[in-house]
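Below you'll find the structures, each written out as C-alpha cells.
Look at the two complexes coming up: subunit A is in both, with subunit B in one and subunit C in the other.
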Partner chain A sequence: MLALYLAQIVNSGLALGAVYGVMALGFSLIFSASRLINFAQGELLLLGGLTIMSLAGVMQLPPAAALLAAAVAGFVLGRTLFSTTLGLTLRASPLRQLMLTVAASLVFQGVAILCWGKNPLMPPRLIPLPDLRLGLVFLGRDTVTALTLAVTAVVVLGLFLGRTRLGRALRATSQNAVAARLQGVDTVFCHALSFALAGALASLAALAVGPQTGLRYDMGLGLGLKGFAAATIGGYTSLGRVFAGGIILGLAEAAMVLTVSGEFKETAIYVLITILLVAAPREHDERP
Partner chain B sequence: MTVPRNLSLGLFFAALAAVGLVTPGFQLLAVNQHLFLAVNVLALNFCLGLGGQISLAQAAFAGLGAYGSVLLHDRFPEATLVIVPAVVLGTGLLAAMLSRPMERLGEGFLAMATLCVSLVFTNLVLTLETVTGGSAGHMANARLNLPLLGSLSGDRATFFCFAGLLALGSYIFLALRDSRLGRALAACQGDAQAASSLGVDRAAVRSLSFGLGGGLSAAAGVIHGHYTGFISPEQYHLELSLKALLFLVIGGPGNLLRPILAALVLETAMSWLSVLGDARTLVNGLLLGAALLVGYWRASR
Partner chain C sequence: MARFLLLVATLLLCPAAALAAAPAGDPIVVGGLFAQSGPAAVVGTPSKLVAEMTVKQINDMGGILGRPVKLVAYDTESSPDVALRQARQLVEGDKVLAIIGPTSTGEGLAVKKYTEEKHVPVIMTVGGDAVVAGGKFGPYDWTFKAPQRTATAVAKIYDYLKGKNISKIAVLSSKDAFGQDGLTELKDNAAKYGIEIIAEETFDPKGTDFSAQAFKLQAAKPQAAVVWTIGPAGSIAAKNFAALPGERPLLVQCHGQPGPTYLELAGEAAGGTVMPGTKLMAPESLPDEDPQKIVIEAFIKAYKDNGIQEKFPLNTHSGYAYDALTLLRAGLEKAGKAEPEALRAALEKLERVVGVSGVYTMSSQDHNGLGPDSMIMLIVDSNRYKLAP
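This part shows the complex of A and B:
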C-alpha cells in the first residue's frame, strides 16, 4: 500500500516538477540577465499553450511541428513582452519594471479572456508518448511527456549557453553586464534574447501541462509563483540545480496532495516558499 | 508649479469632504470602495515610501482586520472599543514581526515572500471553514458601536470614517517622514549598508514602518468588513495588494497625495470600464501600463 502511494507521488510529482522546472529555467534566464522578476511568466505559458491549441484545431500538427510551433510562438511572445516592458524602461527603477510586468500579465490575461473565453480548455495531446513502467515506478503518459520535454529543453539550453557564441554572450551579460558591454556584447539584445527564450520554454511547458490540468485564463499566477519558488530553491545560476529545484517542489507538492487536504496543501506550500525565500542561501543577498 | 504642502493637503481633504457631502448615498457605495483602496495605498506607502520595502501583504492585513473584527463582534457585540484597537494593534504587531526576518531580502524576493503571505491568508480562510465560512463568506451583522456616536452604519458615515482614517494616516505619515526615525528609514532606503554602518538598526526601524502600514490596512479592513455586511476571501485577495502597489508606483512611493489621487482617479475610471465586460482585464492592464510608462517618461525628461 505504501509502495503504491509512493509510486503515485513520484508519478504526479515528476509531472508537476518537470513543468515547474522549465518555468524556473525561464525565470532564471530573465533574472540572471536583467535582475528582473517576471510576473508575466505564467501568462507566457498560458498564451503559448492557447495559441498552439488553436493552431492544432485548424491543422494537423505532427509532434515535431508542434514542438517547433510552440517554441516559435513562445519566442515571439517573450520578445513582445520584452519590447513592451523592459525594452521601454531600461533605465527605470527596478520596481517600475516589476510593476510593468504585472500590467503586462493583466494584458495577456485580457487577451486570453477575449480570444478564448473564461472556461477551462483542454488542449489535445500533441506529443503522444506511451506509459512507462520501470520496476515499481509507473510513469503515466503525461509524466513521460513532461519529463521528456523538460529534459530535452534543459539539454538544448545547456548546449546553447555553453557551446555557442551567443550563449556565452548571454552568460557574460548575466555575470557582469558592464564588462560584457566593454567586450562588445550587445547587452540589450541579450536581455531581449533571455525574454524570448523564457517565452519559448514557457510555451513548451504548456505542451506538457495543458493536457494534464487544462488551460484557464487565471492559471498563470500560481504556476509562475511556483516556477519562481523552484528557481529560488535552485539558486538561479546553474541549469541543473534550477531544474532540480522544480522537481523537488513538484514532489513535495504531490506528497502533500496525498497527505493533507486541498486548501491546506496550498497554505503549507506557500508557507514553505516564504520560509525558503527568507532562509535561502545568501549568495543573492541585496539583489533586486 | 509647486503648491505648498499644507495648502494642497487642505484642498485635497476639503474636496474629499465636499464629495462626501454632495454625492448621493447610493453612489457613495462605489466611492467607499475606492477610499478603502486609497487607505491601503497609504498603508503601503509606509513600507515602501518610507522604508523602501515592497509589500504585497496589504490585502492579508486588511483581511485580518476585517475577519478579526467581524468574528469578534459576533461573540461580543458591545465591545467595539476593545476589539477594534486590539485587532489593529495585533495586526500591526504581526506585520512588524513578519517583516523582521524578511528585512534582508531584496525587492523582488520581498515581493514574492509578501505575496505568499497574502496567499497564505486567503488559503487559511478557505481552510478554516467552520470559523470563517470558507469560500461562501460570512455575514457581518454586527455594527461598530461607539459610546457617544452610537452604531456606525450607512454610506455617508462610512465615507467619513474612511476619510478620517486617511487624514490620520496622512498625519502620521508626514510626522514620521520628518522625524529622526523617518530619516533613518530614508537612509535604509538610500543605502542599506551605509545606514547600518551609521548605527541604524535596520530591522527595527523597518519593522516599525511595516507594522504601521499593517495596522493602517487592518483599520481600513475593520471599517470595510462591517460596512459591506459580508466578508469573503475574494474581497481581501491578492488583487487588492497588487492594485495598491500599482497605484503607489504610479503615484511615486514617498509622495503622500499623488498615489492616493492616482488610486481614486484611476480606480474610478476603471470602475466605469465595467461596461466593457470581458474586455475589462485587457483595458485595465493597458491603462495601468500606460500610467507606469507615462510616469517613467515624465521622470526621465
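This part shows the complex of A and C:
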C-alpha cells in the first residue's frame, strides 16, 4: 500500500514538478538578466499553449513541428512582453517595471478571454510519448512528456548559456551589466533575449501541462507563483538547482494532496516554502 | 391515449398551427434566470436561447390563453447572490407572473427561499433535488423543476449497475450543492439496490487535477466509480481515472455530463464511460410509439433551424428551458387564467405533459413529475453517445 502511495506521489509529483521547474527557469533567466520578477510568466504559458492549440486545430503538427512552433510562439510572446514592459522603462525604478509585468499579466489574461473565451479548453497531446513502467514506479504518459520536455529544455538551455557566444553575453549581463556593456555586450538585447527565452520555456511547459489539466484563462497566476517559489527555493543562479527546486515543490505538493487533503494543499505548500526560505542556509555568493 | 398525445404534440409544434389567432391583449410576462457567465454558462447560455426560441414558437401559435408571452431574462453569473438579486428585480420590478430557471442548484436554493415567500411560481431548470425536496430545505409549494430529479438519475444508474452484477462502488463528488445532492442520494438509495459504497472522495469543481482522489478511490478496488459533477470537472476526473495504472473501475458519470463538451475535454478517456441522459441524446434509438419521439424530433429541428446548434451543440440539458415553458403553458391553460395561485394549483395537477426530457405527471408531493423511464443509459463509443447495452 505504502509503495503504491509512493509511486503515485512520484508519478504526479514529477509531472507537476517538471512544469514548475521549467517555469522557475523562466523566472531565473529574467531575474538574472534584469533583476526583475516577471509576474506575467504564467500568462506566457497560457497564451503560448492556446496559440499552439489553435495552430494544431488548423494544421497537422508532428511532434518536432509542435516543439518548434511552441518555441517560436513563446519566443515571440516573450519578446512582445519585453517591448511592452521592461523595454519601455529601462531606466525607471524597479517597482514600476514590476508593476508593468503585473499589468501585462492581466492584459494577457484579457486577450485569452477575448480570443479563446472563458471555458477551459483541452489541447491535444502533441508529444505522444507512452506510459513508462520501471519496476514499482509507474510514470503516466503526461509525466513522461513533462519530464522529457523539461530535461531537454534544461540541457539545451545549459548548452546555450555555457557554450555559445550569445549565451556567454547573457551570463555576463547577469553577472555585471556595466562591465558587460564596457566589453561591448548589447545588454538591452540581452534583456530582450532573456524575456524571449522565458517565453519559449513557458510555451514548452504549456505543451506538457495543457493536455493534463486543460487551459483556462485564470490558470496563469497559480502556475506562475509556483514557478516563482521554485526559483526562489533554487536560488536563481544555477540552472540545475532552480530546476530541482521545481521538482521538489512538485513532489511536496503531490505528497500533501495524497496525505493531507486537496483543500489545504496551497496553504500547506506555502507554509512549507516559508519554512524552507527561513531555515535554508543563505547563499554565500549573494550579488551586489 | 398515446395516439391522442401524438396528435396534440404535432398540433402544438407544427408551425402550420399559425392558423391560430394572433395573440392579443396584455402580454403574460415571464421571468427568465439563466447563468450566462461563470462555470454554469455552458448550460445557461443555450438555455436562454432555447427559452427565446420556445417563447417565439408559443407566440407564433397564438400565445397562451390568447395573450402573447413576453420573456424578461437576466444573467445570474452562476452566482446564488446575483440570482437572488435578479429574482427580486423580476418580481418587484418587472412584475412577472412566473419565473423559469435558474441554472445551477445553488442559485435555485437562493431564489427559492424568496419566491416561496412572495408566492411566485418558479419552474426551475436546476439539476439538484434540494429545491423540491422539502424537509430541511423548506417548503416547495411554489417551486417546480423540469430536469429529472437526482434520485431518478441515481435509480437509473443503480438499475444499470445491478444488471451488470456490480455491487461495490466508489463515489467521487464535487463539493458544490449539485455534487453533495448526488452523494446524499447515492448513499440513501444504495441499500435498496444491494449496492455498497466502499469509498468516497470530494473535490473542488473549479480544480484542474483530481488524480489524488481518483488514486485513493481506485486503491479501494471498487467495481465501478461514480462521478457526480457538472461542467468540465467531470472530464478532468475521467482523464485522471484513465491515467491510473492497473485495473480501472467502470467509470459512471452523472446525468449532468452527456453532451459534446464532455467528449471534447475528456478525449479518449471518455471511451467506455456510461451515464444516464435524457432521450435527447439518442433520438434514433427511440421506438415510434414513444410519445416523446415526435416532440424530440421537432425540438432538434427547431434547435438547428434557429442556429443554436452551431454555437452550442445539443446536450442533455438543451431541452430543460423548453420543458419549463411547456409546463408553464400547460399549467396556464389548465388554470384558465393568468394568476399565480391558479397557475400553482394547475401545475400540481398536470398529467402526461409530453416534453423533451420526459412525460410529466405532477402531484402536490412530486413537483418534478418524471420517473426513471424518462432516462436512458448512454455509453461513449468511438467519441459518440450510444445506448448502453
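To be clear about the criterion, the second predicted complex is superposed on the first by the 273 of 288 C-alpha atoms of A that agree within 3 Å, B and C clash if a C-alpha of one lies under 4 Å from a C-alpha of the other, contacts with A are read in each partner's own complex, and residues count from 1 in each chain.
Note that in this section contacts are C-beta pairs under 8 Å (C-beta built on N, C-alpha and C of every residue); 3 or more make two chains touch, one makes a residue touch a chain.
What you are looking at is a predicted structure, and each value in this text was computed from that prediction instead of being measured.
A.B. asks: Would you sort A:172 into first (subunit B), second (subunit C), both or neither based on which partner it touches?
C.D. replies: neither
A.B. asks: If we overlay the two complexes on their shared chain A, which of subunit B and subunit C does A:151 touch? Say first, second, both or neither.
C.D. replies: So A:151 meets neither subunit B nor subunit C here.
A.B. asks: Once chain A of both complexes is superposed, is A:251 in touch with subunit B (first), subunit C (second), both, or neither?
C.D. replies: Neither subunit B nor subunit C is touched by A:251.
A.B. asks: Just checking: does A:219 make contact with subunit B only, subunit C only, both, or neither of them? Give me first, second, both or neither.
C.D. replies: second
A.B. asks: Return first, second, both or neither, reflecting whether A:142 touches subunit B, subunit C, both chains, or no partner chain.
C.D. replies: It touches subunit C, and subunit B stays clear.
A.B. asks: So in the superposed three-chain picture, is A:131 touching just subunit B, just subunit C, both, or none of them (first/second/both/neither)?
C.D. replies: Once the two structures are laid over each other on A, A:131 reaches subunit C alone.
A.B. asks: Which of the two partners, first being subunit B and second being subunit C, lies in contact with A:96: first, second, both, or neither?
C.D. replies: The answer is first: A:96 touches subunit B but not subunit C.
A.B. asks: Pick one for A:188: touches subunit B only (first), subunit C only (second), both, or neither.
C.D. replies: A:188: touches no partner chain.
A.B. asks: Touching A:118 in the superposition: subunit B (first), subunit C (second), both, neither?
C.D. replies: Both subunit B and subunit C are touched by A:118.
A.B. asks: After superposing on the shared chain, does subunit C or subunit B touch more subunit A residues?
C.D. replies: Touching more residues of subunit A than the other partner does is B.
A.B. asks: List the residues of subunit A that touch subunit B in one complex and subunit C in the other.
C.D. replies: On subunit A, the residues that contact subunit B in one structure and subunit C in the other are 118, 263.
A.B. asks: List the residues on subunit A that touch subunit C in their complex, please.
C.D. replies: Residue positions touching the partner: 1, 4, 8, 12, 118-120, 122, 124, 131, 133, 138, 140-142, 212-214, 216, 219, 254, 257-258, 262-263.
A.B. asks: Applying the document's contact rule, which stretches of subunit C touch subunit A when the two form their complex?
C.D. replies: Counting only subunit C, the residues touching subunit A are 37, 41-42, 203-204, 207-213, 215-216, 219, 232, 235-236, 239, 243-245, 261, 264-267.
A.B. asks: Contact residues on subunit A for subunit B in the complex?
C.D. replies: Those residues of subunit A that touch subunit B are 31, 35-37, 84, 88-89, 91-92, 94-96, 98-100, 102-111, 113-114, 117-118, 221, 225, 228-229, 232, 261, 263-264, 266-267, 270-271, 273-274, 277-278, 282, 284-288.
A.B. asks: Of all residues in subunit B, which touch subunit A in the complex?
C.D. replies: The contact residues of subunit B facing subunit A are 48, 54, 101-102, 104-109, 111-113, 115-117, 119-120, 123-124, 126-127, 192, 238, 242, 245-246, 249, 253, 278-286, 288-289, 292-293, 295-296, 300.
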